[in-house]
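Take a look at the structure set out below.
Should a chain be cited, it is by its letter among A, B, C, D and E, assigned in written order, with residues numbered from 1 in that chain.
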Amino acid sequence: MESVDLLYKAIYIIAIFGITLLIATYSTYFERKIAAFIQDRVGPNRAGPLGLLQPLADAGKLFFKEDFIPSKSSKALFILGPGIAMLVATMSSAVVPFGDNLIIGGHEINLIAIDVNIGVLYVFGVVSLGVYGLMVGGWASNNKFSLLGAIRAASQNISYELAMGLSLIAILMLSGTLSLREIAEQQQGFNWNIWYQPLGFLIFLVCAFAETNRTPFDLPESEAELIGGYHTEYGSMKLGMYLFAEYINIFVASAVMATLYFGAYNFPFMLELEAWLVNATEDAVTANNIVTLIGVAVMFAKIFLFIFFFMWVRWTLPRFRYDQLMKLGWQILIPLAILNILLTGGGILLKDYLF
Amino acid sequence: MNNIPEVIRTIPLEYYLYFSAALFVIGVIGVLTRRNAIIIFMCVELMLNAVNVLLTALASYRGDANAQVFVFFIMAVAAAEVCVGLAIIVMTYRNIRSTDVQLLNYLKW
Amino acid sequence: MEPTVNQYVPSDYLPIIIQFAAALGFVIFALVMTHLLGPKRKSEVKGAAWESGIESVGDARTPISYKYFMTAILFVLFDVEIIFMYPWAVNFREFGLDGFLQMVVFMGMLLAGFFYVIKKGILKWE
Amino acid sequence: MTSIILLSVFGIANLFIGFMKSKRILLPLALLFLLIVFAVNLFSWNDTQSYFNNMLTIDNYAVAFTGIMTLTTLLLLPFSQRYVREGDSNLAEYYSLLLFSLVGAIMMVSYENMLMLFVGIEILSIAMYVVAGSNKKSLRSNEAALKYFLMGAFFTGILLFGIVLIYGATGTFNITEIGAAQIATGGVMNTMFILGLLMLLIGISFKISAAPFHFWTPDVYEGSPTFFTAFMSTVVKTAGVAAFFKLMAAAFAASYAAWFPTMIAITVLTLVVGNIGAVIQTSAKRMLAYSSISHAGYLLMSLVAFNEKSASSILFYSLAYATASITAFGVLMLVSDQKGSDKYEAFNGLGRTNPLLAFAMTVSMLSLAGIPLTAGFFAKFFVFSAVLQESSMLWLVVIAVLLAAVGIYYYFRVVIAMYMQPAENYEKIQVSGVASFTLIFISVLTILLGIAPALVSDIL
Amino acid sequence: MITALLLFWPALAALLVLLIKGQGAKKVAFVAALVEFALSLFALSGFNAENGGTQLALNFPWIESAGISFSIGMDGISILMVLLTTFLVPLIVLSSFKHDYKNPNVFYALILFMQTGLIGVFVAMDAFLFYFMWEVALIPIYFIAAVWGGENRIKVTFKFFVYTIFGSLFMLAAFVYLYLQTPGIHSSDVNAFYQLALSSGEQSWIFWFLFIAFAIKMPVFPFHTWQPDTYTESPTQATMLLSGIMLKMGIYGVIRWLLPIVPMGVSQWDELVLILAIIGIVYGSIIAIRQRDLKRLVAYSSIAHVGLIAAGIFTLNEQGLQGGVIQMLSHGINVVGLFFIIDIIFSRTNTREITSLGGITQNAKALSIFFMILLLGSVALPLTNGFVGEFLLLSGVFQYNYIYGAVAGLTIILGAVYMLRMFQGVMFGTKSEATESFTDLTMNEMAVLIPLVIMVFWIGLFPNTFLSISEPAVINLLSIINR
């Protein structure tokens, strides 16, 4: 890879990183706004126009709070916990393709941070590291509620990871590759995976909710039972990081879902549009860049939709009971996912043999 | 641009060998010197992973899929070992409230 | 493994380092900043673990329900089995019907274990 | 191959049958399963087949050892009556684990590829780690399981590294090809190969508890529930030695000169440690543990002899040792259940209270000691004659003979206790019908093999 | 076929006896032993005494692939040993009638079972069969001695057992080595062994391997330490079996399996063996003189006698060998008789101390006479069986070396000293507390002693009856030795 390419890549990565943080920050704002909307109230409206500066105010508050460490806790681990959570959350967006190729000055830039052929595994691997953040934090606090919350979180995460992994297999069987970019490319136009994998998507969606500890799966931090869950003892920016990580995770989960099932940056009549643009502008590069940018926009639109969906659900559904949660994960989703694999496999084979 | 096996081959085989041998020896030393059952166990896992590293390197150098398959099996077996091993450690922990192997001297070593 | 159409060199993974550096930088920056900015006032009561306002009793590091532990162990097992399916899934079309049937046998075993676990009541909470 | 599949299926089936209310059906069912496997296995005789791209080869060697191991398990099962009686909730699991571990054992005697060797060893070992700790409340059992597991995993690592180094040197996992590779290079071996070979030797020596890698054996054998100790010291050992010999014969025949000095040192050390260690024990169970080390030594003797007689002598020795050990551990189990002790004193007066048990135990002790009229004699005889085939190893036989005489000392302590020592109370030990029958069967088998060894010794 | 019948009948009878509850077992055992004796006489009738080779042979493969066969047969030496066995066992069983052992069925079954082993040793013509039978004979006697023996039995019998096994393992090793030297698909037949051409170095160590095994059994000084204790602690029947028959296994082993196989080894070491044997003679005799316990006394005398037999055999001449054979018979008869008489005395007085006995002649005339005859036979008075054997043996030793002969000759003098001292102490003098109400022999005891005494005189007066049977075999053996 040439150094120029690398430079572009670095710029792109920083950009995505910034966008990620921005979206995460503003998710908190939207969350409250949407909650307000659903509950028919106003929501934040003091800081700045429409309360738009509210997230900054929140962040500032967190920064200026006391950086407090409980006396009986394990100091190093106590700091490490939120660090890991944040680190992992920000790392996982690296393999998501936010757009197609952008051609600048003759250099072709893939709008994907790291284009590796094991993208799916990468996401999987990095996301499952997130459990450490919770576990380490909860354990380090040396507080029974924290510990219980952390363990709940951990066992919930790993339980749903199984079903998630199984539901992904069906996608892989369809696409035959582990690279997220290739998966995205295969969904050219309107040929989205959701049409072939409705069941798989459903399973994945449920798992994504569980993985991000969102309602209705937010048992680790269910206030009524466990106070703050694993972050009971946390304050200042360390607490902020846990909260932040959660929103980043929502963002990444949405991005992954969009990529896997909803065609990523692809939108209907994309090729036709590009062909028409080439005709109209008589410049293939420009046409390509325009389409790519539209694709990026489409991608973010999809992501926002999912984020909205996440919030919508939060303010709509009640929380599961723990036994229901585990039962759903193990006894319903896993068999369903396996069924899905069998159906997919059978379908593919049937198609290959018959046609 | 070239494929992964070739990429791996850009580093001399000896380096992989030394690296995995070093990992392995660290594991062995850990097993022999540590007293905490869990750490001993982690050292054992380190040994297994040293093996995996070497196998992968060799597989690329030889273009032989057998070694890669072997890695898979080692991983699967290691997982099974983890399950059984942790279960045993937890069982012991519940009885003696410690994972220090030196405390277990009901039987002569 | 089959060499894929797209080919990769080690430097393809360089961006990971960039991303990691960025993430790490942010984390360290945030933690240091909050440490510097915030006030520092310590007291014994404040330092104690918070247990709904009641004085905390004993150490938190007590063994908890073995159910969680069982879940973890089962996860390790099943996760590895699932990982086994990934290469198969990627090359599914190549293996064709034979591969499919073999995987059905594999999944049969997996399911047998799964149902055993369920029947054994390990996943029963409460 | 059929037996592997059948055992796996039966094992799983057994798990589910365990959910039924009545635990009584489990034992007969497990016996039936094993009988079927035993019978099915025999059909593969003289019908060599390779499976999985030559990764497994079911030849006569494999069939013979499979037969022995299945038979051993079959004969061992009736002694699980304690678990049956107490209605242990995990009974089905124990049986299944035994069935599964048999799968591993069969893989160990029929592998053609080191991968299968590794997988076989692990299937066997992991099941054993579990059963070693199956007495959850007993600290001894816990400790045994933990030690066995940590040590086992550690040596598995070493074994694996050895396999990989051998692969690095030869480029294959197939044992026949490894053997051929050495011949092709004229027996030239590089450091990698030697190192790998050494680590392999260490790894497998651990599994068959050869000195100096035996240190876990007495503890684990003593701590584990006796029923499983019996399984470990018979089936596991048989599989280990059979696998060891297969490996050496197929893969490292050309480098005999390289591993011979190491192996002979291990053998002598094993013999000495096993026999001397057994002498100083006060617990019969621990004595049996040491004695199993010493028998590993005798088995290794025929391995180091490394000639055409080795295979059949290992086979016969394994069978003789297994049958005798089942009785020994079986009776020990019955006695220690009743008396709550596994010291020699627990056997006092057994000759008066339970003549059958005492007789069976005597036969088994005589067999273990290698006294004629029992299978043990011919076992030792075949081993010694295999070694003497190489006239340079006469001294090894001399050492072994001396140590065999030492062996008589500790085996006879049991016999003496049973017949000649007065007991505190003469309470008859309750023995189930099927266990009695098994004891009689094994005794008859032991004596039959001691009179007509050709029944087994000539088949390989 | 008759040989196989001889071999297996006692084992079958043992199983039968095992099934009989209560004291009836002894009768059945006695009848079975008598049947066995009849069988052996029948075998003798079919035996051609002119022939020096193996007769009445039976041979079928045992472990085919290894060339090991179940090969049995008898030559002149074997059949005498078999006759001795079959003759003594019924008497030994009969001698036990006054005892009520616990678990009689097991006791007698073991005796009969042991008989199989003993006969097996004498008829085996295959090295491994020989070894096999050697051990088969050992196990029952161990249990008899260990279960029904005296106070110290556990330690003592265990010592005995370990000693013997230890020796026999050496023998096994030597056999295996020899077996592997045989050409082609190996064979362990005795004749195949005879034909081996071994280097003198090989012969030398094989000699010691085999010799240690046999020497322990005999026992030859310095391998005798197990013997006096074992004889003392064992029940009388076991002592009789041990001294009367089992001891002969060792001597027979030397004759059959040592001398002809490693003649060069023998010629290298026979001087040393002779010296050992003669030391044994003198040592045994001197210790015997100092003994106060009757059983121990006879035990040590046994060492002396066996020493002489060993010395005679290792001279490797015809007199020596013939003397050895005939002395085996005589010693078997005498020593069984003596032990039986000691048992009788013990059972009536509860002591075996010479000092606490005395004056028995006054109450028991018949016992005195029988005792005297057996004792004189034992000290080799002319016209008794002991004389023939000792004469031949001594002349053999004299032929070999005058000095050795002279020293070995001491045995007669010393033997006379301790035997007569014993007789005097026990039978004459004043009655002691213990012998106050001594009763004479019962019919049952007479029935045991009469055949023994008859044999004492038969061998003493007509030794040729037996010598002629063994002579061709001995000559044949010598020709093999001097090949």
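The rule is short, and it goes like this: contacts are C-beta pairs under 8 Å (C-beta built on N, C-alpha and C of every residue); 3 or more make two chains touch, one makes a residue touch a chain.
Just so we're clear, the structure is a prediction, and the values are computed from it rather than from any experiment.
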**Partner chains shared by chain D and chain E (touch criterion as defined above)** = none
**Asked** To get from chain A to chain B along touching chains, fewest steps?
**Response** 2
**Prompt:** Looking at C-alpha means, what's the farthest chain from chain A?
**Reply:** E
**Request:** Going by C-alpha centroids, which chain is farthest from chain C? Tell me that one.
**Result:** E
**Asked** Which chains, taken as a pair, are joined by the highest number of C-beta contacts?
**Response** A-C
**Prompt:** Whose C-alpha centre lies nearest the centre of all protein C-alpha atoms?
**Reply:** D
**Fill in**
Whole-Å distance, C-alpha centre of chain B to that of chain D, is 27
**Asked** Using mean CA coordinates as chain centres, what's the chain A-chain D distance in Å?
**Response** 54
**Fill in**
Between chain A and chain C, the Cα-mean centres are separated in Å by 15
**Request:** Could you tell me the distance, in whole angstrom, between the mean C-alpha positions of chain C and chain D?
**Result:** 40
**Complete:** Flagged in chain B as touching 2+ other chains are 80, 87
**Prompt:** For this entry, which pairs of chains touch?
**Reply:** A-C, B-C, B-D, C-D, D-E
**chain D-touching residues of chain B, taken from the complex the two chains share** = 17, 24, 27-28, 31, 37, 40-41, 44, 47-48, 50-51, 54-55, 58, 62, 64, 66-67, 69-70, 73-74, 77, 80-81, 84-85, 87-89, 91-92, 95-96, 101, 104, 106-109
**Complete:** Seen from chain D, its contact residues with chain C in the complex are 12, 15-16, 19
**Asked** Hey, which residues of chain D end up touching chain B in the complex?
**Response** 115, 118-119, 122, 126, 129-130, 133, 136-137, 139-140, 142-147, 149-150, 153-154, 156-158, 160-161, 164, 167-168, 171-173, 192, 215, 218-219, 222-223
**Fill in**
In their shared complex, chain C is touched by residues of chain B numbered 1-5, 7, 10, 65, 68, 72, 75-76, 79-80, 82-83, 86-87, 90, 93-94
**Complete:** Counting only contacts in the complex, chain E reaches chain D at residues 61-66, 128, 131-136, 138-139, 143, 146-147, 153-154, 158, 161-162, 165-166, 169-170, 172-173, 176-177, 179-180
